[in-house]
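Every chain is named by a letter (A, B and C) in the order it is written, and numbering of its residues begins at 1.
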């Protein structure tokens, strides 16, 4: 383990402060007895109480998390397969063409993606709601996974695969024992960024949702006209704290149980 | 034979995705781009793109996307590098991503408060003696908040590239008498170009079509192609013109891919030669 | 490899548990004489009233939200959803009528219509209120904070052009409102179809550029409340929100006239439970319900009988319930057709590009 000098530490500290500043600002005002994100009046818990009283809001939050987790999982699976397919393509022109197609959804504004998906779903006859939202989120998260996995694949030493094959490993073994472990960081990066895409999306979800199904983003954006209530701040604060606790907890448990293993590997 | 068939079975979901969710929407967009408001076939939308404000919008979109990508890279690279040096690097990396899971509109409202004339940032500037500044609705605030949004997307691939870097290589370079800068330029940077390239792709391409931030943080003093498309689709209900702009956006993206591709071929060849 | 599969299984288990909790939560709602789906702006109804309606009628309400008139119409036009109630603005009602997206309203099922102020009925965008029932209404005007100004007032739109307001005015990111302000200040109609007049209005707006701090949307509320901005072109409903948070702020409708806007309840053609939709409309027009709703949302209600039940201080506030004399200067938007809407937006874009 290398130690960080003072200056690098300061640099990281500034980056993290900026990253978290808006979130702490939101949480700070979630305790405001006044109505909005300014003029802090008095400390109150009332907005937190309001979160738990609003059953509809809780259902929406759960919807949002379910969609995010499932869409990230499925898009990661499909994306990894896609990246492998692209990597193993022999025809370079074909490869470039597929890669460019892969990126189209990233350059298209959400409104266009949303509108064209809506037309697509109504044409095929998919009922708007959970399924259509899930499918759309999978669809727009795939490109980011592919882009995250590809550089790991191209860093991979091909002699590694050849060696494994020479040693009599089956193709399946090569995949599960050589390739996938090597690109694992790319897979996780893709998964987490897919989560980000899903949690943040408003426009696409707005177009393809229906029949009472809603996500937090759609809810928040449609509140803009009459003012976003501080209940949403309180809710975001709760989600944030739970997420951080989960991540740190998971990390700690993981380290404890896996410590010896990784220690040996290094 | 058998194996390649198996492989193509595996790639069915990805192929299906390309057909249904990429090619079909593109076909739809291209189709719409040839129709005017009354539903008649026309090339006027394309003519309109070249004769009106849209060229100006294109240039400004590219300029700001470039700035956003540049600053994201400048900030993300050292951050990613330093994180690889920390004790709990995976945890720190996750902590970089977590803020992006809080709703963007809410965070943007928070930025409006933070950067406001009476916000904490200006209070700080005043305390330091610089005095109050108009921060909101400037180029600075726009680029700053955009970089804020995109930074995790830049850090992740760079971190992944740096993390697996063999420390022996750096030691070797040092032992051979190279100073830090030379080590970075000749050893570290070339080995991370793949990660940097993915980072640039996932920042630059979406930055071209940014829209909400242009209004909330830049007060419409900056307008991008994404804003124009959104207006055409939602407000003016002119799907033809909106689609035409989108077609150009996609063409630009293809060109960018072609330009960056030329280098990647070399990189992967290098890898194989090794 | 193992850790990848482990993570995937963990995610599946967590999602499964959450799906189960969600299903349990959804089950709690009783099923009576069917359900209706209400499609409305976020925070645009008192949630207690929805509960009250469910208890009184046994009809379960599914509440969905939208953030723009145009987005809402696209969804209804495309189908695939079953919205029984929606609340578009007046120009959108005209557009939806043209596209045959609305069902006629059967007034024999809505006796409470008698409580609505006749002034708000039978307007040009919906003659005879065949398709829509007033929900909330308001004006477009100038919100300003006198404590940040040096005594400037805004009796006239031209006051915004005053050189002392450099970089202090916030405009709204909507072509009809902003170009409309230019038209109003020149004494032209808000519904002008004369290209010469529109050009003149745009050129006049360009002269305003030095004073314009930003052209934004709903975020203006927060900026005004924070004393970040001194003057803004805004809707009366939003001005009411601002004043609720910051008492220094005032609101005025300039004397040359302005826009009178409506959000009306309609039954889209996607409706499945038409009787339920009528029951809902009738419920919302009940004076006590309308009063409680107006109190929660903070916008002006068209319900005459409700006014008697509300805080007199609110109802007598000329800024939000203007007298008949002021109302005579107000103009309701007409649907100008997509062609002209395009022209308005192009001119508006030209103005925005010119701002820098």
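Keep in mind that, in the parts below, a contact is a pair of C-beta atoms (placed from the backbone, for glycine too) under 8 Å apart; a residue touches a chain by one contact, two chains touch by 3 or more.
Only a predicted model underlies this, so the values are computations on that prediction, with no experimental measurement involved.
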Most widely separated chain from subunit A, with each centre as the mean of CA atoms: C
Busiest interface, counted in C-beta pairs: A-B
Averaged-CA centre spacing for the pair subunit C and subunit A, given as whole angstrom: 33
Computed distance of Cα centres, subunit C from subunit B, in Å: 34
Distance between the centres, which are taken as Cα means, of subunit B and subunit A, whole angstrom: 16
Multi-chain contact sites of subunit C, meaning residues that touch two or more partners: 71, 74, 217, 219, 222, 226
Multi-partner residues of subunit B (at least 2 other chains): 109, 113, 234
In subunit A, residues with contacts to at least two other chains: 37-38, 77, 115, 119, 220-221, 224, 228
Residue ranges of subunit B in contact with subunit A within the complex: 3, 7, 10-11, 13-15, 17-18, 20-26, 28-29, 75, 78-79, 82-83, 85-88, 90-92, 94-107, 109-111, 113-114, 120, 148, 151-153, 156-157, 159-161, 163-164, 194-195, 197-198, 201-202, 205-206, 208-209, 211, 226, 229-230, 233-234, 239, 242-243, 246, 249-250, 252-254, 257-258, 261, 264-265, 267-268, 271-272, 274
Residues on subunit B engaged by subunit C in the complex (per definition of touch): 37, 53, 56-57, 109, 112-113, 116-119, 134, 136-137, 215-216, 218-221, 223, 228, 231, 234-238
Of all residues in subunit C, those that touch subunit B in their complex: 68, 70-71, 74, 167, 170, 173-175, 213-217, 219, 222-223, 226-228, 338-339, 341-342, 345, 349-350, 352-353, 355-356
Partner subunit B, residues of subunit A touching it in the complex: 1-2, 4, 8, 11-12, 15-16, 18-23, 25-26, 29, 37-38, 77-79, 81-82, 84-85, 88, 92, 96, 98-109, 111-113, 115-117, 119-120, 138-140, 142, 144, 147-148, 150-152, 154-155, 157-158, 171, 185-186, 189, 192-193, 195-196, 199-200, 202, 216-217, 220-221, 224, 228, 232-233, 236, 239-240, 243-244, 247-248, 251
Of subunit C, residues touching subunit A in the complex: 1, 3-4, 7-8, 11-12, 14-15, 18-19, 21-22, 25-26, 28, 37, 41-44, 47, 62-67, 71, 74-75, 78-82, 217-219, 221-222, 225-226, 237-238, 241, 244-246, 297-298
